[in-house]
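Same chain, two partners: subunit A is paired with subunit B first, then with subunit C.
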Partner chain A sequence: MGYQPDRSQYPQQREDGSLDIDLTSGKYLKLWQGPQHPGITGNMSVELTVCGDEVVEGKTHVGYLHRGFEKLMERRSFIQCFPIVCRICVPEPDFNEYCYAAAVEELAGIQSPERADWIRTLILEMGRINSYLMYLGGQAGSLGQGVIGQWTTYVRDLMLDRFEELTGARIYHMFILPGGVRGDLPDGFNKRMEETLCEIENVLKDVYETMFCNAVFKKRTVGLGYIDPELIEPYGVTGPTARAAGVAKDVRKDQPYLVYPELEFEPVVGTDSDVYARADVRRRDLLMSVDLVRQILSKMPNDGKLMTKLPNVLHWKIPRGETYIRGECSRGEYGYYLVTDGSGFPRRVNVRGPSYTHAVALLERLIVNINISDVAGLMVSLHTYPPEIER
Partner chain B sequence: MSIRDVLSPFTAWKYLFRDPVTITDPLNERPGAARYRGFHQNDVQACIGCGTCETICQNAAIDMVPVEEILTESGDSGLRPRIDYGRCCWCALCVDICMTGSLTMSNEYKWVESDPDAFRFIPGVDKKHWDDAELGYRRPEGHRLTPARRVEMHELEPETRIGSFAEIVDGYSVADGLLEAERCVACGLCVATCPTHMSIPDYIAAVRDGDYERGLALLYETNPFSEVCGRVCTHKCETACAVQHEGEPVAIRWLKRHITDQVPYERYREIVGDPAPATGKRVAIIGAGPAGLTTAYDLARKGHEVVVHEERENPGGMPRYGIPEYRLPYDMIDRDVDLIRSLGVKIHCNSRVGTDVTMDQLQQEYDAVLLSIGLHLGRSTRIPGSEHQQVTKAVDLLRAITDGEEIEAPRQVVVIGGGNVAMDIARSMARLQKQQHGEVNLTVTALEDFAHFLADPEEVKECGEEGIEILDARGPQGIMLDENENLIGLKTWHVVSIFDEQGRFAPSYDESDEQIHQGDMVIEAIGQMTDVSLLSEELTEKLEWNRGRLAVDVDGRTSESWLWAAGDCVKGPDVVHAVADGHRAANSIDSYLKEKTV
Partner chain C sequence: MQTLYTKLKQLFKLGELTEQRQDLAFITVAQEQLRPLLLHLRDREGFTHLVLLTAVDWMEEGQFQLTYLLNDRAGARDIGLRVMLPRDSATMDSIHDIWPTAATYQRELREMFGIGFPDSPGVNDEFILEGWNDIPPYRRDFDTLKYSEENYSHRPDRETTDPAQHMKQQLYPDEG
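== the complex of A and B ==
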C-alpha cells in the first residue's frame, strides 16, 4: 500500500539544491512545532514549512535542554562525574552510567568483578524495558491512542519499583559506579521481578491486540516514514530504527560487552522500515529483553565481589589515554568517548547518543512530504531523547 | 489489514472491569524501599566534621558549618554538614565517602514546607521526623571509596636489629610512599592537632604529585626538625586522622620522613631560602635542642643574629642525648642542625651558662635571651636502696651511650618505668647485653597496666620481639641487696590503683602479690626534671615559678621582660611540642625586637 503524497504543489529545487519556497506567494506557511509537543520526550522544535497540510520542509531546532554536561565533567573529578552522567538521558539513564564507568575502568586499568557485570547487564535490560514501555505509550499517544500509555505506564511503574529496591532510586539510579555496582540484589528480588515480567507480558499482549492489530494504527503508520536501507549507513542510523529496515545492527551481538556473550538471543529484525515496522521491532525487542532478564537472573553467579578496589577517589588521577565505549541502548548505539590527560579530571567526554543522528539529519529528510498530523507519529518512531542530542 | 484489525482493539474494554492501578489518595503512606536514597540522617556524635562529604559533593550541596554544643577538639573539627536540598541530587556519594559512617540516608521522601530555606538543614542537629528511620541507604559492607589499609613499613628483623644500634625503620620506597599518600583525604584535622600546625595535607599532596622539593619546602616552613620528627615525632596528627575510622590512620610521620629521604641534602639550603637582611638585633639562646634551635631558625630567617650556648659536646638536645640511635641516627640530627647553622646561627658547644658565661652577661650583651634547657635530670623513685651505686637514671645512661662512653652492661637488668624513655633505655641496654654477653636478660616493671600504658604500642611490641620482658602494674618497693651490699634485684607489689578519688597520684598496692625481679642493676626511668642551677640565685628569686617549672605566658615569655623560656623545660618532654614552642617564642621575641627598634 504505502503512503501517497500529493506532489502537485511541491516546490521546485534551486540550483544549489535548496527548495524554492516563496513565503510571500501565499502557498506556503511557516509553522513551529515545539519545543513542547507530543512528538518527543523532552524539548525540541521543528520549523515546518507546509503547503496545505503537507510538510515541504522541516528544520530542526535543538538546544532547549542544553545543560553543558560534557563541559561540566571537565571540571569534575572522575567520581564526581558519576552522578552527572545519568542525567543525559532521563528515560534510560543507565547506559550513561555503564559507558562512563567502563571508559574510566579501561583507562584506569581496573576491572569490574564478574558479578557486578551480571548486575550491570540486568540493570541495562531493565532500563531497556522501561524505555520501550515509555516509547510504546508515546507512539500510540502521538496518533491519538491514549490508553496504551496508561497501560505501559502502569507496568513501567512496577519496573521502577524493582529499580527502587535494587538501586535505591526510581529514575536516576546512580548504581553503576566505576569499579562495579553499589549493591547486591535484595532478598526475594527474583520472585518479585518474575511477577513484574509476567505483568509486562500480559500488558504487552493487550498492547498487541489494541495497538498493533488496529486498523486505524495500521492505516496511519504503514508506509509512513519509510527509511531506505541504503540510508542506514550514511545517516549513521542504529538500533531498532536500522533493524526495522532489515539491517541487523546490534552492538550486543556485533561487539559483545558485559555478559552478553553468555546470553542467548538474536537481534530482532523487521523488513518494512516504516513507523509500524519500527514499533513492531521495538515491541519484540522488549519481549526479548524480558527473556534476557530471566536468563540473567537464572545464570548469574550466586555470590562474588561487587566492587573492585578503587584508589582514593578524592584524588584519583588517570593516565593519559582515550577510549570509546559503546553499548546497545533502546534507541541504538550509545557511546562514550573519554580522553584523559593524567590529571584528576577528564580532558574531554563526548557522549554519542543515537538521538543526535536520528532526531536531526534523519528527521529532516523523512519529514518532507508527510502530513502535518503525522509529524508527531514520525518523530516518536525515531525514538529520540533531546538531552542526549545536546548533552 | 483484516477484520481482526477492526475488532481486536475492542478487547480494551475489559479494562473497564479491572481495579484502577493508580492510588486514589496520593498521600497514602508508601514507604521507600529498604535501601532508598531518601532524606539524610547524621549521627552527630559519631561525625567528626572531616568534610569529605563536602569535598566529594559535585553539586556543592554540602557546607560544613559550626554547630552549637559540639566543641572543636582533637580529631573533630566541630563542624557538621549542612545540606541544601535545592542542590542535592541524592547520589549518596557523601554517604559512601563518609569516614565514620555517620552520614546515612533514610527511606523517607516526603517533606512539605512553605519556607524554601527550610530545605537547607543540618541532619542530626535540626530534628526531623525521619531521624530515627531504620531503613534507607547505608554504605554497603566493604564498599569503600578510599583505601583503608596502611602501606606496611619495612623494618629490620628483631634478630638483626638487636645486634647493633642501626636504624630499625627502612623508610618508604617511592611506590610505597605514593600508595600511602593516596590514602589521605585532605580533611586537615591533623593540622589542627599537630602542635606546630604543619601543612600535612599539602605535603602529602606533594608526595602524590612526586614533587618532593615542594614537600620539603612545606616541611621546613613549620618544622626545622623534620628529619628528627620524621622519625621520632609522637605523631598526635595520626590520632586525629579521619582515615583511622575506616582502618588505620595515614602514616603521616613516615611520609614526612619519606620526603626528607627523597630530596638530596645538598638541595635543602636552597629550598629553605636565604634569611632576610640583617636587622642588627642579637638574641642569645641557652640550649641547642629542638625548642632553642627552632627559635634560632625562625629568628635567623628574620635577619636577627642568634648565638646558641650548648653545655654538651654536640647540639641536638634531648633528641640526641635522650633518644637511642636505632630510632634516630645522629647524622640525621646533624642534618637539621647544620641547616640551621647555614642560616648564620652560631652554636657554641661545651659552653655552660653559669660557668663559662653568666646570665647577667647575656642580658647585657643581647637584646633577648631564651632558655631552652630541656629535662636532663632524672627523677628518683626514692625507694629504700635507690641511692645504691648500681641504681642509675635512664637519662644519665642514655647520655653516656650517646657520648660513646664504655658501658659495661650487667647480665641482668631491671628497669622501672612504663614510658618511652623506659623503653629506650631497656632496648639500648638489651643491645649492649647482646653485644657483650650474647643474650638479652632484661625486665621492665611499669606502674601502669597495659590498658593504660604510657609507651607507644609499637615500642611495647618491638620490646617483646627483642626479648625484653615487660611486667605491667608493678609498683617498686625496694632495692634488694645481699649481705655484701651487692644489688641483687628489685621488689615490687601489684598495683591496685595509681590515682586516688581526687585524681591525685597516690598508688595503692596489693602487698600479698610481691615479686622479686633479679638483676645486677636497676634503672629508674620515671620522669625527668630541669637542671636550673645555671640561673643565679638572684634571678631565681625574681622569676615566677609554676610547680617547679618556669612560669611563662602564652608566648613563652617569663616574668622578666628580656627572658623567654621554651621547650621541654616548660612544656614537658616532646620534640614536636618543643618545636611549636620555639616558633611561639621566636614570634614573641621578633615582635619585641621590632618594638625596641621603633
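== the complex of A and C ==
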C-alpha cells in the first residue's frame, strides 16, 4: 500500500481497504466545504468526513464550471480556438494562449518572430506576477488576514493597467496568437512598468513583515500540509509546490522555451515543504519575476516583426500530427497536447493544468488528519484553479 | 531519441516511432507491452513524471488512442506512448499503482470517452458530469450542437450571427 495517506489515527480500515466510517454512529459527520465557501479556491468543493474537528477523509468534487472547452475546440477552426483557450484559466490566462499558439505553430511549421517571443515572455511573466499577487491575498485570507488581499489587489490592479495598455484587455488578453503577438509595446510603457514594479516591491516588503513575520501565520502554517519530496514524482507535483520541497523543478530552466535561455535566473527553492515554505517560495518567485520583467524590457530588441504571415485562416488545414508544448506557470507545469488530422479543425486538444494533480489526488491525501480550520489554508497553498481541472 | 528507441526495441515489441522534436517522440505500443515498458522507462530510463494521460478518438478508424506522456527531467526529454484500443470494447489496465495520480485521469477517461479501467480506484464515481445518461460526451459521435438544440432553448429576441460568416466578412471582405 505505498503512497497511501498516513492514517495513524482513526478510523480503522476494513479488510478490503475501505474506511470503517459509520455515519449513523454519531461519531462522524459529513461536511461540505464549497462550492460556495470563503475557504475554497474557486468553484470546487471538498467533501469532508470529520470526527470532532479532525478530517478523516476528504474528496474533491469538480464540475461546477465545466464548459467543455476541449470538445468545443474540435468544432472550431484553429484561429477560432485562439479566443477560447484563455478562458480555461481566469487568473493566469496567458499560458493557454502561449501553449496553444506554440503547438499550432509547431504542427503547421510556422516560426514566430524574435521580437514576438520577447513580448510573449514579458506577458507570461506579467501574468505570473498577477497570479502570485492573487495567491498571496488568498493565502493570508484563508488564515484570517484579510488586509493582505487588499494590498496585493491594489498592486495587481496596477499590473492590470499595464496589461490594458499593452493588450487592450485586463483579464482575457487574447494577445498571443499563432504566428506572433497582436501588437507592440505602447510609448512610455517601460517607464510606467518600472513604476508598477517598484510599487509591487514596496507592497511586498509590507506583506513580508505583516504576513510572513506574523506569529499567528507562522504558527498555523509551519508544519501544515507537509509534502514528502518522495511524493513529488508519483503525484505529478510541479512548480512552487515541488520547489518548496527542495526539488528544483522549473520548466523555464529544465526545458527552456521562448527567450528564457537569454535571461539570468535560478529556480527559487525551499526546504520545509509545508504551507509556510510554499508561500515563501511564491513570494520570492514573484520578486524574481519582477527582476525578469526588468531584464526582458532591457534586453528586448528595439524593433522587429511581431507577426508571421499566416495562410488564409478560414481555410487553414494542418497536416496530421501531434505535439505537446509546456510552460512554467505560477502553479507548475502547464501544457497543451494537440492532435491534428489534416483537416481545418483540431482532432483533439488536451490541457494539462497543474491543478489537475494537485487539487485531486494530492489534496485528498494531504487533507487526512488535519483540523477543519486548516483545510482552507492547505488548499490555497496548493494554488489550484478549478477550471483547468475540468476544461 | 533514436538511441533510446533502438535500446527499447531490443527489450519490447514496439510500433512506429514519430520524432516530433529533438526532445519529444511518440511510440506506438501494443496494449500488453505498456505496463512493462512504463516500469522500465520509470525505473531505468529516468522518465519518472507522468505528464498526462489522455485519449484521442479516431472514430473513422474505429480506434481510441491512449497517450501516456512521460517526462525525464534530468534528460530534458519527453516520450509519448500511444496505445490503440478498439473503439467498441475499449478497456485498458490501470496504472494507478505506478503513478497514484493516474487514477484521476482514468476516472475522467471512463466518464468522457467510456474507456474502462477495471481496478482503478473510484473509476466509476462521477467526476465532472452529474446524472449523465447519454453517450460519453468527448466521443466524436456525440454531437454537442444537436444536444444543445434538444436540451436548451434559444433566448427570445436574440440575434445570432454565424461566426464563420462574420469572420469572413471582417477578415477577407473582398473575397465574395
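The rule we apply is simple: the second predicted complex is superposed on the first by the 379 of 391 C-alpha atoms of A that agree within 3 Å, B and C clash if a C-alpha of one lies under 4 Å from a C-alpha of the other, contacts with A are read in each partner's own complex, and residues count from 1 in each chain.
We adopt the following convention: a residue touches a chain if its C-beta (ideal position, glycine included) is under 8 Å from a C-beta of that chain, and two chains touch if they have at least 3 such contacts.
What you are looking at is a predicted structure, and each value in this text was computed from that prediction instead of being measured.
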Fit or clash between subunit C and subunit B when superposed on subunit A: clash
Partner chain(s) touched by A:E164 [first = subunit B, second = subunit C, both, neither]: first
Which superposed partner A:G188 touches (first subunit B, second subunit C, both, neither): neither
Touching partner for A:E70 - first (subunit B), second (subunit C), both, neither: second
Partner chain in contact with A:N312 - subunit B first, subunit C second, else both or neither: both
Partner chain(s) touched by A:Y337 [first = subunit B, second = subunit C, both, neither]: second
Subunit B versus subunit C as contact partner of A:G146, first or second or both or neither: neither
Contacts of A:T357 with subunit B and subunit C, given as first, second, both or neither: second
Partner chain(s) touched by A:N214 [first = subunit B, second = subunit C, both, neither]: first
Overlap of subunit C and subunit B interfaces on subunit A (superposed complexes): 77, 79-80, 312-314
Residues of subunit A that touch subunit B when the two form their complex: 76-77, 79-84, 147, 151, 154, 157, 161, 164-165, 167-169, 172, 174, 182-184, 186, 206, 209-211, 213-216, 218-219, 306-307, 309-315
Of all residues in subunit B, those that touch subunit A in their complex: 1, 4-6, 8-9, 11-12, 15, 21, 32-37, 52, 55-56, 58-59, 89-93, 96-97, 105, 137, 140, 142-147, 182-186, 205, 208
Subunit C-facing residues of subunit A, complex: 3, 62-63, 66, 68, 70-72, 74-75, 77, 79-80, 106, 233-236, 238, 249, 254-255, 312-314, 321-324, 326, 333, 335, 337, 339, 347-348, 350, 352, 356-357, 360-362, 365, 390
Residues of subunit C touching subunit A in the complex: 18, 20-21, 23-24, 26, 48-52, 54-58, 67, 69, 73, 76, 78, 80, 99-101, 103-104, 126-130, 137-138, 140, 142, 144-145, 163-164, 167-168, 171-172
